[in-house]
Every structure is written in structure tokens, then in C-alpha cells.
């Protein structure tokens, strides 16, 4: 309960800050950060809880976004409805991929998800009559219209993004103490013991994957209208998949706010380096990459653990128990 | 270690915030800001570098020539920013530049995905942008009249390649009828391919192979065997530098005698000449700009530009650089004409402008003006042929300065 | 018929480079259970080192440029040593996701570093190998890839012997099976880690040196090779070093065949599909029996 | 009435090693059956075959009159055939009671009902005190009991105890033995694998001796233990048995 209140407070704070900020630039960076955090949360649901590291999560962003967008374009269906179809499509894909790959362990699963995403990407590129191919789909801006998720003011997207983020975070907070949450915790500690306790391990994992995909897709639906342009190589590309996983682990997979912290850290450095050193060419990328390295070498369990450790030091308490928070 | 990290972290965060809040920089009255937003990191960084290099030259030249006279000799000041390699990056960078500094106009973006993504930001801030991206889809009413395309349309490239083939056929009685098209599967490749296809039919060419290939291939031999199987006599490859290199190498190894008429990009970059040595000579390609076309040779000022570029950056002045130099000059001319640094006025000036002299005349055929959709009305792609390791303009006659040697 | 033969040959040749990259990846995975997402950037680094050396001058003769191969290999091996001592030594105990995070961060940073240090332009030292070919009847082999392929095979045989015969090989295999048991047998796992990393990075450096005669060098070049190498090692069986070579060759051939017979722009999709198929039907890999490693 | 569990000619081998050669066995409803045998006799393999972790090479397992072939571990558990582990792993992310609830949840109970069920089972095993704690803080002995409590919340009909008692303190042992006997009285059947002979003697109503993959003797504990073949077979493993316990 305290968690829930804290989350709502944070949400209100963020929303207020967004509306108060004068610079559209800041707000759009914040919006991008919120979406990334949202995807990180969804990723964390699967990988943080079951330890299956997916490097193909962007595929759910792409599928949900494309389905919604095509329904909007070709059938004039409002993204509010089309989004449901889009998310359904993402879930369906997750069920297929999950059923096939979730029995795989460690790197096998990771590379399987990576490949599945790559296959979907090349299909999107190949069937260009339907998807617009590599040129992607630009969303022509007509006029402000909530039903079409079209807003001139970035703050509208920002509000939607942080609200979705808060909602998903709340959901996860309760999810952990739900039936499914308990099952997942049991599976994480030992699949053998979980099965012995009557848990249908395979089924639960696929289900979790689907929920994760649904939340990722939810973000994708709004996101594509935020950037107003569906670029397959970006939406379904490895870069986005990697970023999603990256920020979740950077924040600390064991923590509810991990992905949020991670996203803020990552985007701040990214935007900062780009603003300061972008003109220099290469420096921004280098700094971004190496600051991640520096972080891992300092605290492999991520920023939250790092903060805890520091706090513990200041309070002269022993730091949190060693050992990795994700297995 | 932890200490170091924390301090560096605070530094980064603080820095970023500083960068953000120090946003609205007060501009000296005698200075006009122009944004140059190009991919300066990631796989297309080299394109961005060419653009930045040339833009700097252009600004220098404008300023040494007394700046913007209608603004009391105000100096051009370039605000250079990294559009990164993905739409999200292009959008945030554009937002940042346009929010933080009151620019009179912008140049760059270079790739159509980046341009498409960033365009709404320009419309929102009422800032005109000149792009060097070539996709036809960009210059339509949907761009709200804020996008100006200085380079020829993608389809025009394809058309020119086919025209050139017709020309060669007549000149050398080559009797080429079977054509193969291989294009990189991205907007640039597709746009160009469309152009070739359109005209090929009219020109009575029989297209025996027309296939896209994925970006960033590691081996071109499958492409070559496809071409050989197809029995094509001419190959129209639309490739970036890395694929272009692999393709030409693979063709040579397979000692294939197919005539190659390159689709620009990779086939005209300094790197391809530098890597193939004198084996590059004879290679022909389309280009959206070339350094020695008639309009340039006939004007010592412009000829000097190309010369200065190669002296400063010790490679000849490539396509992307030429467009950037012309683009910045055109912006300067528009500001001059508008007599104001207000982007809205600059935009109107751009729409009505007709540049016949100065840096803008660097674009073939020596004149630049934009139609209602922002397309460059006069511009035409040129055909180049590598002769003693530099691309020479050999077609169309209107701008050609060297005779084509039988490829 | 010649088309098929040519396609298979092309595939094998490009597969040779994949193989060298994959071998190192799999050695590190087998011994340290570490998936090195920065491996592609080590290839890139190797290429830049080789280009820099070649810039010092080329001896006369067709194969002059290959003088850089050995120096590059050793320089990169030293680089690998540093990589281990500076990062992996601690990261070895981090567990899977921090290690992935570490190597991905390294990969991003290295691409930036390369651009900062060497610029973003595409480099290829003019040399007689580029564009030269061997002709067997109707078939023609690009010389550069052919040499890379031959060297890859030689290295494979050498590695196989090293792993079977030498003390390092025996300890490496023991460690790969189980660190605990190995250490009970008095094997210093850390030394095995150091050696494996050095060898792995050395190999990828060699791959780089073999690429530069005919492939451009640029900051992102590693990405084009490493993903295929990843698929290759999983298809071969994670940790199975010699198998990785066959994985690499298979990938090359698949790519080439689909490109020649299906559709060029589906050739990437095809190898991913093959990969998924193998993964689902034979998770332990094509060339591994059960848990056998190295 | 038919037996609760019927094993018919079960054989299981791993490569060359024939772990179970021919095991046929019938367990009646009610009661506590001890299963003993030297190390490597095949006790653990047998448990894994019963719970569906291993598929037998031949032979059939019938539970409550139903052939278990093709059923997963989870499905068998939900039918009431459960097991405990020699070295259980704590569910690090949950409190003890939450970890125990899981079984009840699989039975379809609501969260609150499951919690109540879990608390009662914890109380039964004398762990009521640690309900709200994180299992990470508990000694391994308690982890075993948590593991036991978890499967008990499934209302099992047959519980396979894989060396549950080894490593428990005297009082814990007393509590557990008492609990087992009470549950048995209420109709739960137990198959107890143990090395601790005194425990087995006290607990079992029937004793089965497994050696080298075969049942070498079964019957009333006293007789079986007196049986020279058993003494011979078992003494062979006695030391290792002690070494283990």
C-alpha cells in the first residue's frame, strides 16, 4: 500500500514537472525516457522475474505499433480501438515465440528472442506493399484529436506516457503479490520445486511472456503516434531491444523502480552527451557506452543497489547481501 | 572506483541539465544562427562529417564576403548537432536545437528517415529546413512548406542513369538491352530503383533482374552470381560505400564484363577511389552533384571552393559536401533577401528565391529555386566517370566538362 | 550445377571469417560461460590495427599485405589480456545479465571510441589481393576470402590440437566442464580464463587482418559479422570451439544459397529461421553430443 | 479396494548404468511405508520416476487406479502425488508463508484461503513463528520443512519424503514425526526414504528394501530388518549410509 501511494505521488510530481517545464525539448526527452522506462518495466516482468533475458523485446513495440497504424490508415480505425488489436497481435506473437523458446536456457533464449525479432523485421521490410517497407509509415498530422492520439503539444504525450508508466508500475507492485506473481517467484528459485508444488511451469512462463509483450505493445501503440513515424529498422531493431534490456539491468532488475532509474540515467547521459559533444562526432556514443561499463564495474546489480550500498555506508549499516539479484 | 563513478555520474547529469537550462543563449545582434543537423555518430557519421566540413567552408565564405549585408553585415553562426542514426534521436536533437536557439533556418538530416521524423518539429517551430535527402516522398504538400530539397529527387537519378545508357548505346553502338537492378533495401535504394524501372520500360530496356538486398552485407558474391545468371549486359547498382566496394571487388574477381552504371552514394565517394586505386578509373555513376560540372568550371569563384575543400580536408569535394555548401549559401541568400533572421520570413524568401550566383550556383545547372512542394526546380543529377582517380562530369551535355571514355 | 557449386563455394569462403570470429566467441563462452557482445568491436579494433600496420608500408608481391596478420594477432591478444585483467577478472563472478550489460556497454563505447580516434570514414588500403581471383574451371574464388578460408581451416586444426594435446587445452576443457572439479584437480581457473581471452581476441584480431585486404574498415563494421557469429556458435553448440567453425561455414553457405536461389533480401531472414529451427529441434547444437564442451 | 500406488516392472537406466532394473510395488491407502537401501540402490531414481521427472524405460505407474504415463510433475502433484527434496531451494523473493501458499493456490484456493491453509501447515510443523520471515534467513533444516509444508497444502494423498529427517534437530524431528503420524491417521499415505534406521523403525508400518535397482525384501519392519538378505545388502551400504546421514 505504501508503495502504491509512493508511486502515485511520483506520478503526480512528474506530471506537474512536465506541465511546468517551459522547454519542449526537455519534455520530449522526458517523454522518450518514460516510454523507455515503461518498456523496461515490461521487460523486467519477464526477465527480472524469471531470469530469461530477452533481446528481442522491440518486436512487440513494432508489431503493436504497425497493426494499430495500419488499421488507422487503411480502415480509419481509431488507435484507441486499433491499439487493442495491436496489443492482441503482440500477445499472439509472444505466445508463439514464448511457447517455442521459453524452455531454452540462458544465452539460448537470449539469442532465440534476438533472432525472432530479426525475422519479423525482415518480414516487415520484405512485404512493403503492406507495411511500407524500409521507408516506414509517416503519420500525416491533421489536427489535435485525442481519438487519433494526435496532439500538437508534446506535454499531452508526456502525460499519457508517465500515466501509463505509473499504471504499469502499480500493476507490477500488486502483481508481485498476486497468484501469478507467487508462481513466478517459485519458478525463478527452482523450476523443479515449482513443478513439484503443482505449478505448470511452461504454461506460466509463456503467460508471463504474453503479459510482458502486452505491456510493451501498450507503450508501442502510443509511442508511434508520439514520434509520428514508424521506422521499421528502429521500432523492430536490435538497438531498441538492447536499450530496453540495458536500462532495466542498469537500474537493477531486483527493484520495482529499477527500470525507471535506469531509463533516467541512460537518457540523461545520452541527451547530455549529445547536447554537449554531439558536434564532436563519436564522443557522445563513447561516453554513453563507457559510463554503462563504469556502472557495471562499480555495482553489477545496478543503480538501485548502488544507491542502497551508498545509503548503507552513510548509515554505517552493512550493504545489501551480495550475490546477483537476477539469475 | 565507486567514488570515481559517482562523481563522473553527477558530472554527466549536471552537465546535461546545465546544457538544457543554459538553453536560450543570448545572441549577439550581429550574428545569425543556422542549424546544421546531421548524423555525426553511427553508420552514417561520415556523411554527416562531409556536410559539416562543407557547411563550415560556406559560412566562412559568406562571412569573409561581409556577412548578411541586409542585416548590417551580420555573421553566420553554425549550430552543429548530431542527428544520431535513429528517428528518435533526430527528433530530440532537432527539438533541442530549435528550442534552445532562435535559428533562421536549418540544413542537413541527409537521410530520408531522419528527415521524415524531424520534419514535424521544424513545422511546429516554423523553421524552414533544407535537406540533402533525395526521397520523392519528402517533397509533397504534406511537408507543410517547411522542407526544401536541394538534391534531385530519387526517381530523377534512375531516369538519368537510363538516359546515360541510351547515350552510351548510341555513342558506342553497345546494343545493350538486358539490364539488372540491385538496390540496397532502404528508402534511398527504393526511390532510385523506381526511377530506373520507370524509364527502363520507356527506353525499351529488358529488366532481367530487379532485386533489393539487405543493408550491411558482408559478401557480395551472391549478388554477382545473380547478375551473371540473369545474363544482364548492364548493372544499375544502388549501394552505400561498403556494399559498393564489395560488389565491385566481387565483379572483378568473377571477371564479369557487365557494364556498371552506379547509383550514386558509394560509387562516387572518395573512399572508393582511394581503395581501388587506379582500378576505379572508367567507372561511371550518377551523382546529385559533382565538383567539375560546367557551371562550376566556368566560374572561378566556385572552382576555388572545390579547390579549397580538397586543400582543407585533403580529399576531393564529394557530393554531400557540394550540396551542403550550396545549401548553406542558399539559406544565406534567403536571409539576405528576407532582410531578417526571422525563420518565417526566411521561409517565404526560400519559396520565391531564384539563386543564379554565389555559393548556391554550385548546384547543377547553376541555378536554384524551389517549387510549391520544396523541390529544386532546376537541379538535375549528373553522370560522372572516374578519370585519374577523380569523378569527372560526362553527362548530360548541358553540364558535362569531360568526354566519356568507353567504360 | 556450376551455379550451385559457386554458391556453396562463396558461402564457404565468407564462412571462413565467420568461423574465426565464432571460434573465439565460443572459447570464451565455453570456459567462462560469458557471452561477449563486444566481440564484433574486437574484430573492428583488429581491422583498424591491421589497417594502421598496413599503412606503414606493404612489401612487394601479391600477398605483401598479409605481413600484418601475425603482428595484428599478437597485438590483439595483448589487447585481450588487458580486457581480461581490467574488466573480466572482476566481471567473471557477476552473473549473466551484468556480463551482458558490461559487454554491450563496451560494444557501444568502442564504436564511439573508434570514431573519435580514427574518424568515421571507410578505410581500405589499396592492394593487389583486392579483386584478384582464383579460377577453377567455371568457378571463380575471390582471392581475399579464399585466403581467409584456408587460414581459418589451418587455425581450426591447430586449435583442435591445442585443446586436445596441450596442458592449456586439457585444463581449459576441465574448467569448461566444471570450475569446481578443475580447481580440485589443482588447475588455476584464472590462468585458463586469461589465456582463453587472449587467444579468443587474438583469433578475432586475425580475422580482422584477413578482412582488410577486401573489406572496408569503419567503426560499426563489427556489427555486420558478430550477429552471424552468435548464431553460428549456438547452432554449433555453445562452448564447442571446433564445432563453431562448422557453424560459421554453415551460416555462410546458408546465406549464399538463399541469396542465390530464394530472394536476396530474405537471405538474412533465412539464416535466422535456420537458427531457430536448429535451436528448437536440437538445443544442444548440431555438432555437440549432450553436454560435451570445447 | 485397489492399491493407491502400483508400480509394475519399472526399469530405468542412464546410458550403461541400470539404476532401476525391475521394480514392482503396491502401496495401500493409509499408512507409512519406509523405503530403505544402500546409496545408489535407486531410491532417488524411483522418486523421480514416480513424480514424472524421469520417464521409465519400461513398466507402468498407476496412481489411484489411473495410469500416470504422460503426466507432468505438476499434474501428478495436483492429483495428490507429491514429493519433498533432499536439498530444497528457498523462494528468495517471498516470505515463508507466501512460499508455502503456492501449493494451496495450485489447488485453486483463493489467496486468503491459501494463506490460512499455509499458516496451519506451518503451525503443524512448528514453523508458525517464521511465517513472515524471508526464507533466506532460515537454516537448511527449516527449508526442508517449508518444502514439506508447501506440498502438504496440496492436500496430497501420497507424500514421498526424500530424506526429510536427516539434519533436523531432536525437537524438530519430534514435531515432524508427530505431524506425519497425525496426517497418516487422517488418511495420507507416506513413502519415507531415510537412512536413519531408528526413525524408520519407529515410523513405518511397512518396510521396502531396494538394492541395486530391485526390491529385495518387503514386509513388517521387524521381520524385514531381521531378514539376512537385507542385513547383507544393507550392511553393504551402512557405512556410506552413515557417511551420508
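Going by the order they are written in, the chains are A, B, C and D; count residues from 1 in each one.
The definition used in the following text is that contacts are C-beta pairs under 8 Å (C-beta built on N, C-alpha and C of every residue); 3 or more make two chains touch, one makes a residue touch a chain.
Because the structure is a prediction, the values reported are computed rather than measured.
Asks: Could you tell me which chains make contact with chain C and chain D both?
Replies: Looking at chain D and chain C together, the chains touching each of them are A.
Asks: If you average the CA atoms of chain B and of chain D, how many Å lie between those two points?
Replies: Their C-alpha centroids are separated by 75 Å.
Asks: Chain B to chain C: how many Å between their CA centres?
Replies: Each chain's C-alpha centroid was found; their separation is 35 Å.
Asks: Would you kindly tell me how far, in whole Å, the mean C-alpha position of chain C lies from that of chain A?
Replies: Between these chains, centre-to-centre, one finds 31 Å.
Asks: What are the residues of chain C that contact at least two other chains?
Replies: Residues 112, 115, 120, 219, 263, 265, 268 of chain C each touch two or more of the other chains.
Asks: If I count partner chains per residue in chain B, which residues reach a count of at least 2?
Replies: 41-42, 45, 48-49, 185, 214
Asks: Touching pairs of chains, all of them, please.
Replies: Those chain pairs which touch are A-B, A-C, A-D, B-C.
Asks: What part of chain A is in contact with chain C in the complex they form?
Replies: Chain A reaches chain C through residues 47, 51, 53, 100-101, 103-104, 106-108, 110-112, 114-116, 118-119, 122-123, 125-126, 238, 242, 245-246, 249-250, 253, 280-293, 295-297, 300-301, 324, 326-327.
Asks: Could you please specify the touching residues of chain C with respect to chain B in the complex?
Replies: Against chain B, chain C makes touches at 3, 6-7, 10, 13-14, 17, 112, 115, 119-126, 130-133, 140-145, 214-216, 218-221, 223-225, 228, 252, 255-256, 259-260, 263-265, 267-268.
Asks: Where on chain B is chain A touching in the complex?
Replies: Residues 1-2, 4-6, 8-9, 12-13, 15-17, 19-20, 23, 40-42, 45, 48-49, 52, 80-82, 84, 86-89, 91-93, 95-96, 98-100, 112-113, 116-117, 120, 123-124, 135, 137, 142, 185-187, 189-190, 214-215.
Asks: Residues of chain C touching chain A in their complex?
Replies: Against chain A, the touching part of chain C is residues 29, 35, 87, 90-91, 94-98, 100-102, 104-116, 120, 219, 227, 230-231, 234, 238, 263, 265-266, 268-269, 272-273, 275-276, 279-280, 283.
Asks: Given the complex with chain C, which residues does chain B contribute to the contact?
Replies: 41-43, 45-46, 48-49, 182, 185, 211-214, 216-219, 221-223, 225-226, 229, 241-242, 245-246, 248-250, 252-255, 269-271, 274-277, 279
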